[in-house]
Each structure stands twice: as structure tokens, then as C-alpha cells.
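What follows is a pair of complexes built around subunit A, which joins subunit B in one and subunit C in the other.
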Partner chain A sequence: MNSYYAATLLVYAGVDIIACIALNLQFGISGIVNFSFIIFQAVGAYAAAVLSMPPDTANGGYQVYVGGFQLPFPLPWIGGALAGGLLAIPVGLVVLRKLRTDYQAIALLVLSVIANSVITNARPFLNGAAGIAQVPGPFSDQIDPLTQSYQLLYVGLTLPCVLLVWLVASRIVNSPYGRSLRAMRDHEVAASALGKNPVRMKMTIFIVGGIIGGLSGAILVGYIAVWAPSEWLYPETIILFAAVIVGGRANNVGAILGALLVPVGFEEVTRLIPGTIAGWVPPPNLIPAMQWVAIGLLIIGFLWFRPQGVRPEPRRVFEGSPDAEEVDRVRTA
Partner chain B sequence: MDLYVAALGFGLISVSVIAIAAVGFTMQFGITNMINLSYGEVMMVSGYAAFYVNQAGVNIWVALIPGALVGAVLSFLLNRFLYAPFQRKGTNHIGMVIVSLAASLMIANLMLPIVGYYTSSYVVDQGPLLRANGLVLTTAQIAIIAVAVILMLAIHGLLRYTRLGKAMRATAANPTLARNCGIPTQRVIDVVWLITGALCGVAGVVAGMNSENFSVSSGAAYLIPIIAAAVLGGAGQPYGAMIGALIIGIVTELSAAAIAPEYKEVVAFGMLVLVMVLRPQGLLAKRGAMAAAG
Partner chain C sequence: MSARPDEPMLVARDVHRHFEGMRAVDGVSIDVPRGKITGLIGPNGAGKSTFLAVLAGTLPASAGTITFEGQDISRLPTYHRARRGLVRTFQLPSEFSQLTVLENLLVAAPDNRGDSLLGALLGKRYWGDDELRLVDQARSLLKRFGMTAKESDYAGTMSGGQKRLIEIMRALMLRPRCLLLDEPMSGVHPRIVDEIKYYLQSLRADGLTILMVEHELHLVEQLCDSVVVMAQGKVIGSGTMAALRRQQEIVDAYLVG
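== the complex of A and B ==
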């Protein structure tokens, strides 16, 4: 039982870390307030699900969905990532081109709510509110998913993805391109005056974030084997925002820390709350509701007391700067 | 054809509900520079306040008043103890949007254990049916439209013909200049939150009357057409919000008749996207924030 628990924890941690790194690239580094981040995870999960499942008539036809291609392992995950990237193109083209950042945020939030209600209502597409069940995980036809070795295998498959995402994100952040992104975030007009095309940069990072988000969804759905609209309601995005804000905006280490503290840590801490407190049994939904209140408090508290997060963005100073003293001061700090 | 005439009737009621809410939402943005995403949740708190008064045997039209009061007080407190301190601290626009979203999450989940997950509905005496050219409305529905018209006229009168309205418009246009001219902008903003909060409360109650039932999660669904109407009319423009509500309300109800009622919000969202792409400043181009129409 304990190794299952550890494996579950590790897979969830991997998924949340990947998602938080993607959101950090968009929100922390580039200043895109992607309130619909969760739909990119969702589309990745749905894509991976229908790519790996048999046609919907196979299991007695109790659920309906498009596709059902029964593709072997790496393809559903790649497909999930691609789906996230593909979804980012039309969304980005509509939202990122002309709008002010606060309008962008609202449009994306509304999109997230709407997308969920459309998938819920349009049952033939992805089985509506009930969602898709019995999604086969990678290699589940060769190894029984209920064994310990399979759990270990899944952790083994998740870990390289986390590393890959981390490497890609670090490369982006530390490259000249990453510098342009930060310049755009801090002062869009100045960045465009220097010849940087903000729309293009936003589109690129939006698609990159979409791909990573899609991958996180694909990994998650292979493990939990079900995916339904209730998994990706818009407040889920807010948890990830809380993670990035708490961990430290524009700092990938911070994003990982945030992922471990907020989505993973919170779930685990509330597990420790006893079923009865001094003979009083709390109503069944009280604890999840209070969890959300705590997430809200966490965001507001951090924005008030420590807006830069636990791990603030590292200050970067150009080494050839005439102000060498400043460089030294930052170095030693 | 009859279907569309009936849909037009529903559209008029939707217009009334959206207009009341959208004018409050857009005034918060125009005067205090705050995109308040917890607006839908404040509507629900007021709606439930009226629900409990209604359950105690009070007529729902009387319960409208405590609903409005709860909305006003809650909005005032939200601004006083949450938004205003953050704004004074210099939190940027996006930071404020995130704060209001966090507030909305907290309000909704504080409400859940109190009011429960199940849906509720008001006891409304619908009154006799009134018919005209295939348009069928109950007396209660006509009363909702009347409330909306009265409130819109009142807002028009307030902004156009009173010193307070003038002070509000001055604060919207340039808060620093307004303060230097001797306008107590702090107090003006407090009053704005009370008034818009009351509108929000009334909107919450009439939205509850207009739907068969409502639950805590209705807040997010109510907010979509409100945002669409406010953006369509030009964010921060009360008259724009009225026009926006008119268009969004009619079009969504007609589309519900033509396509399917589940996709009403999708149509509202589609219009929101169209406006954002084609005319991001809204229908009434900004001639100084909150400029009076004409």
C-alpha cells in the first residue's frame, strides 16, 4: 500500500511540476495571464485518451467518443502534447493579438468556463459530463497496472518527461529569447521599440506552454485512467497560479517548489485532518470547500506580504555594464 | 415563428437582468479601475440572502431590498478591506484581477457549507399571463423589466443630473485632478461600491427569479453574459453596458430558440470574442472614461 501511495504522489508531483513550469513560462516569464491553462491540460488528456483507447464500441458501448486508435505508448503522449500546442494556435490568435492584458485574462477565463460547459453538453464528442473511463495506460497490455512494478514503471516514465520539460524551460529562460520575453513582460512598448515583435513572442510561448500543458494532461490521464469535465473546472487553473505565485514568479525552481507546496502539499495535509474533531463530524464537503478558501487566502496573503514568492526571480545584470559596482553587489547578494 | 416571438419575450427579461448587473460591473471598472471577478459570487450571496428572507414567508419583491443591501455592504467591505489596500500598494491591473478571482473562489466556498450544494428556487407568484401579438409574459416578468427600466433611469439621473454623479464622472476621468479640485474621491468611491453593490444584489435576486433554480455555482455562469455586455458596450461605460445588455440578451435568447438552450453562454462568449477582436474598445468608443452618451 505504501509504495502505491508513494508512486501516486510522485506521478501527481511530476504532473503538477510540468504544469507549473509551463504556466511559469507564460505567466512568470512572459506576463501572459493564462486563466485557461487547465483547458490545455484537458485537451492533452482527452487526446491521449482517445489515441490510446479502442473504438468506443469495444467495451460494450457504454461511453461514446471520437477516435479510438489504440496507438502504442509514446504516441498518445506525443499526441497529447501536440493537441495542447494545436489548441494554443487559434486561442492565441484570437486573444493575444490586440487585447490589453486584463482583457486577455478575462477572455481566457471565460473561455475556460465555456469550453467546460460545451464538452459537458456535447455528449457524442467526448462522452459529456460522465467523461471517459478505462483509459489504458502505457504498456498496460503487457504489465498488469495493479502491480507494484507497473507503478514503478509509471514513475520511471514520468520522471524523464519532468527532466525534459525542465531542460527546455531552463534553455528558454536563460537564452537571449528568454531575455526578450522578460523585456516584453516588463515593458512591452520598449521591447517593440527595440525591434521585438511582442505578438509573435507571445504566440510562441503560448504554443510552447500549450504543448507542455498537453503533455502534463497526457501523463495524468494514463495514470488515473479517467477524464471528465469535473477534472478541469476553471478553479484548477487558480491552484496552479497559486503554486507559481507562492513558489516565485519567473523562477523555474520556484515553480517546482510551488508545485510541491500547493497542489501536492495541500492534498496531503488535508488527508491528515481526522474524520471527527472532538466528537464533531464535519459535513462531508466542508473540508474541500475550506481547502479552496485556503488557496484563495494563500494567493491574497502572498500577493500582499511576499509578491515575489518564496524563491524570487533571480536578478540578472549584464556583465559588461559600466556600473560594475552594481554587478558586484548583485553577485554577492 | 411563434417560437421566436416567445424567445424575444425571454430575451427582454434576460436583457433586464443583464443590464442591471452589467451597469454595476462596468461602473466598478470605470470609476474605481477594478475588474471585479467576484461580482458573480456577490450576486449569489445577495440571491441567497433574499432566498432565506423569502423562505421565512416574505414576498420575494420585498426580499429584493435585503438582497440589495447585502450586495451593497459586501461590495463595500470587499473594496474597503481587500481591493483598496492592494490598489494603494500599487498592485497592477493583472494583480488586481488575480486578487478578485481569489476573492470569488473564497466567497463561493465560504457559502457552500452554509447554503449547501443543492439547487434552490424562490417562491414567486407569477401572476396572470399577459399576451400581446404572440408575446406571452407573466406579471412577475413584466415587473422584472420594470425594475430594470427604473434602475437604468435612476442611474442615468444620478450620473447626469446630480453633484454626486458629476463627482463620479470626474473621479473616473482623472482621480488625482478630481481630488485636487476638492472632490472627496475616497468617499465618492465608497458610494460607488455601495451603489454598484446594490445593483449587483438586485441583479442576483432577479437572476434567481428568472432561472428555474440556482446554486452557488450559478455565479460563474451569470458572470459570462455580464462581462460580454460590459465589454461589448465599452468597458467602464454605463450606457454602453445598457446597449450591450440589450444586444447580448436578445441574441442569446434567439439563439437558444434557434440552436439549443445549453449553448446560450457559448453564443455570448462568441460575441465577446468577436467584439474583442474587431472592436476591443467596445461599441461606444472611449471619449474620456464614463463620458455621458451624446
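== the complex of A and C ==
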């Protein structure tokens, strides 16, 4: 394993961890079934791309896109995060106010498909199906991106973002506000009868999740330097849902674990499958197709046999509780 | 707010709630007197629960006005009514099942600095004191209702009767002025019925105003200072239970309904 491969794995892991924490806030904690999560990562990636790239006239016009502001780091990443948050406002206002939760999920899924199809076909906006290429990463004008030190630098830029997102998410989840969100998830009408404003809480978390999702896209696009509609088809959201379900809904550690097990682990393991099996060459699309089958089976399997995931939602025992001592005893035993 | 003690706390005037032509609540006007327990009785389908939901704002009224402590609250959403002290419970169990019993109570506390995004981000140092104070408050309620030993159990694993108690305790965490109870004793073991009865009486002694929907007439007789009878979406009588028993029309509503 060379250091490029290690850096790639680490950056992807960082991006997936950030995305899974955001989705866990929305789905695991607040009960918002955001089947359009990937479009928030996508808008962050596009925003970061056009903020960091030169105008499209600069490169001979082989690709067309709006903007091209050549802003220095960290502005493209901040812009990507803001774009995710901004997109969440109109989407949330339309979807989250009136619809029942199951219809919200359908509306969001449809939105994801429509958004992808619009960007694919409206070429002058973001270069259509071909997508945007040659997106400059942070400091790539000063350090050659192909060097080992740049790879290290990128991991070094990703890590603080992961830590920041982790800090924000755990503060929310472990606070009285997080408790209100979980209450809304369990019984929305009762939460509202106790003085909570469910629409406001959902909008807030939708926007927070959008910001974090946007950041994940910005980090990703700076590293892989290309961004196209094929990167953010709706099944990508399903992979993230699989990660949150496998890792453990409503548990941030679970979300991280899920990110490492499903999007990172799964795709890496299937790389190890040999190109030929005892002289038989499988059709070229067989492995990717089997990956999807495996993701589906993984979700069903967990929902059936271990719906709470590898790391279940923690039970919160307060200091001085009659059985707190017993819990402590069990822990130390 | 210092309203006159003889002024009713909650007033409904000509309240309607229609479901696509079905008049579930059809011009109901009632006064809920301060510091008393008022019963709301009537046959199945009389519109009692719907009326309670309209009072609490869970369902919007099709027409009519609702006044609480002298202020028109007809257009306020549920959570605003709850914050003003008009708090309802539900006929079906509505616990937050994946929260512990103690957490169920804490959710309802209205004044925790950590109960907003900003407060949460500022961290435990910002809201820790509020939390400690509210945990104490919740524990004294648990003690009063004899559920201290259950505080760290998931609410979803409690029995039907215990869920009823959680519901009442949760409402009390809001420090309500007026409780709207939707059949608080339904599906509850007789021993817990006695407990709930005892708690409701002690709440009245504390000065709380209660409006409760109830089917068991002997409970209504024991608990309620006055009673409103509904049938087919309308109020067909009100007064003390003893007085109502003497009116043939009302006896018919129950026997026929």
C-alpha cells in the first residue's frame, strides 16, 4: 500500500464520516428521512468548484460553467458549506412544513432525481453530463498536487473539519436541544403539545445538515478535482443511509463506524476481488452491480436482525439515578 | 397575569370543527372555571376528543373563538398555547418511547437554556445548571407519582398505566395553568386509576384548572365539580352530575348513544 492510496482512503473516510454525521443528525436524531442528502453534498462540491476555478473562458472553452472566481482557500470550502445550507432553506420550506414524514421521504427522493437530471441536461450551467474537471484543490498553485507532501497536507486539512463537525454534532446530540429533537422523532404531535415547534426544529436541522453536507462535497471536489452528475446519483444517498443504519441510528460513534464500514470498507473490499476467477472473466459491470445487491442485503439484514445497528442509541442515565450505580457496576465488570 | 378568580380560565364560543361536511364539533360554547375539575362526557363519536384537540390547537377550529386567560388564542399553534400554560394529554399513549422516563419529563421543561441550537452549541457549561435544576424538579414529580425507580427505563417499555402517569407528569413539567386530559384513566389498572384520581384531586388542591374527557361516570361523579355533556357535536347539558342524572334527555343520550 503506497502513501497515495492511504491518503485517498483517509480523505474519502473523512468525507464519508462528515456526511454520515450530518445524515445521522437529520435521520437518526430528528427523524427526517432525507432521501435527497446527496444533492447537498453535490451543491457544496459545485459551489466550491466554481469558487476556486478560473472563469470558463480561461481554459479554451472545453467546459462551460457559471462563475469562476479563483478564490483562495478556505473560501471555496466555506462557500460550499454555505451553499448546502442555502439549498436547504427552499427545499425544507417546501417539503418539511405540510407533508407527512413518509411523503417527505418520497418528495426528497424525487427532488434528488430531478436535480440530477436538470444539471445533466442544462449544460451551460455546470457543464452538463460531462461535469467539471480540473478543479484546483487548496494551495495547489503552491504545491504540486501529485506530490506526497500535498497528499499529506490534504489529509491535514480534512481532519480538522471532521473534528469540528464531530464537536458540533455531539454538542447538539447531547444537549437538551438534542433531547427535544429525539422527542420530536418519537412523537411529533406530543412534542408540539409540550411547547416544541416541530417545523422550526426540522428546518434548523435540515439547514445544519445541509451545511455539513455541503462541506463534505467541497472537501471531496478539491481532492478528486472533478465533479459530474454521475458522482451524485440518488443511490449514493442510499449508501449513506446504509452506513447510518449499520453503524447505529442516533449514535454519532455509530455514524462514524458506519462510514468506515459501508462506503469506505465495502468499496475497498470489492477491489480485492480478482479480475478473473479460475480462468473465468466476469462481465465488466458484474462487480459494481453485486455491490448494489450487497448494500441492499446489508440494509435489509440489519433492519431485520439488528435494527439498532452496531452501536445502538445510548440510554441516557443521569447522575444520582437509582440504577446508575448498577450501570456503573456492569460497565466496570 | 392577574385575572379575576371568578372569571373562567378557558372560554369557547361557538366552536366548530368540520371534516369534509361531517360536523364533529358543531357550535360548542363552554366555560371552564378556574381551579376546578370540569368533566366532558358523552357517547362515543360525540366530538369530545375532537373538541379537546381544537382547544389545544392540535386540530384547527373551522370557526369560533377560544379565549384563554382573557386572550384570544384561536389562531395560535399548539406549541404557543402550550407555552402559555394550556397543555393537553392524549387518549392514546404518546410517550417518547426511545427516551427514558426522566428524559420524557425533561423534554417538557420550558426554560432550559440548552434547548435551542445556539444554546446547545455553547456547550454544557452554558446549560448545565438549568439541567441540574430541572432534573431535581423532574425527580420530585417522579417521587410524587411513585415512579422514582423507573427514571432510567425507556418510556416505551412502561405499562399502559405508567405511560398515563408519564403523560400527566410530562404535562406538569410545563407548569400548566390548565390541563386538558383526554381519558386519563382508559385502559388503566383499577389500582392506578385510584392513584391518578388521588393525584388529580391533589392538583386541584394546588389550584390547577382541569378539563377532562372521561367515560366512567362514577369517576366523573367523584372527581368533577361540574360536567358538560356532548352528543353529536353539540353541548346538550351542563351542571353537577347529580343534577344531570335527573334530566331524562341526558340519560337518553348515554343510553341511546
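FYI, the second predicted complex is superposed on the first by the 315 of 333 C-alpha atoms of A that agree within 3 Å, B and C clash if a C-alpha of one lies under 4 Å from a C-alpha of the other, contacts with A are read in each partner's own complex, and residues count from 1 in each chain.
In this section, a contact is a pair of C-beta atoms (placed from the backbone, for glycine too) under 8 Å apart; a residue touches a chain by one contact, two chains touch by 3 or more.
This structure is a prediction, so every number in the text was calculated from the model and none was measured.
Novice: Scan A:L109 for contacts with subunit B and subunit C and give back first, second, both or neither.
Specialist: In the superposed model, A:L109 contacts subunit B only, not subunit C.
Novice: A:V66 in the overlay: touching subunit B, subunit C, both, or neither? Say first, second, both or neither.
Specialist: Touch status of A:V66: no partner.
Novice: Which partner does A:L159 reach: the first (subunit B), the second (subunit C), both, or neither?
Specialist: The answer is neither, since A:L159 touches no partner chain.
Novice: If we overlay the two complexes on their shared chain A, which of subunit B and subunit C does A:G195 touch? Say first, second, both or neither.
Specialist: A:G195 contacts subunit C only, not subunit B.
Novice: Could you say whether A:V269 touches subunit B, subunit C, both of them, or neither, answering first, second, both or neither?
Specialist: Neither partner.
Novice: Would you sort A:V208 into first (subunit B), second (subunit C), both or neither based on which partner it touches?
Specialist: second
Novice: Look at A:I89 in the shared chain and tell me whether it touches subunit B only, subunit C only, both, or neither; answer first, second, both or neither.
Specialist: So A:I89 meets neither subunit B nor subunit C here.
Novice: For subunit A, which residues count as touching subunit B in their complex?
Specialist: 31, 33, 35, 94-95, 97-103, 105-107, 109-111, 113-114, 117-118, 121, 234-235, 238, 241-242, 245, 283, 285-286, 289-290, 292-293, 295-297, 299-300, 303-304, 307
Novice: Write out the stretch or stretches of subunit A touching subunit C in their complex.
Specialist: Subunit A reaches subunit C through residues 168, 171-172, 174-180, 182-183, 185-187, 189-198, 204, 208, 250, 313, 315-318, 320-324, 327.
Novice: What does subunit C use to touch subunit A in their complex?
Specialist: Residues of subunit C touching subunit A: 56, 58, 77-79, 82-83, 87-90, 94-100, 102-104, 106-110, 112, 114-117, 119-121, 123-124, 127, 130-131, 135, 139, 148-149, 151-152, 154, 170-171, 174.
Novice: Mind listing the subunit B positions that touch subunit A in their complex?
Specialist: These residues of subunit B touch subunit A: 35, 37, 82, 85-86, 89, 91, 93-95, 97-99, 101-103, 105-106, 108-110, 112-113, 117, 220-221, 224, 227-228, 231, 235, 260, 262-263, 265-266, 269, 272-273, 276-277, 280.
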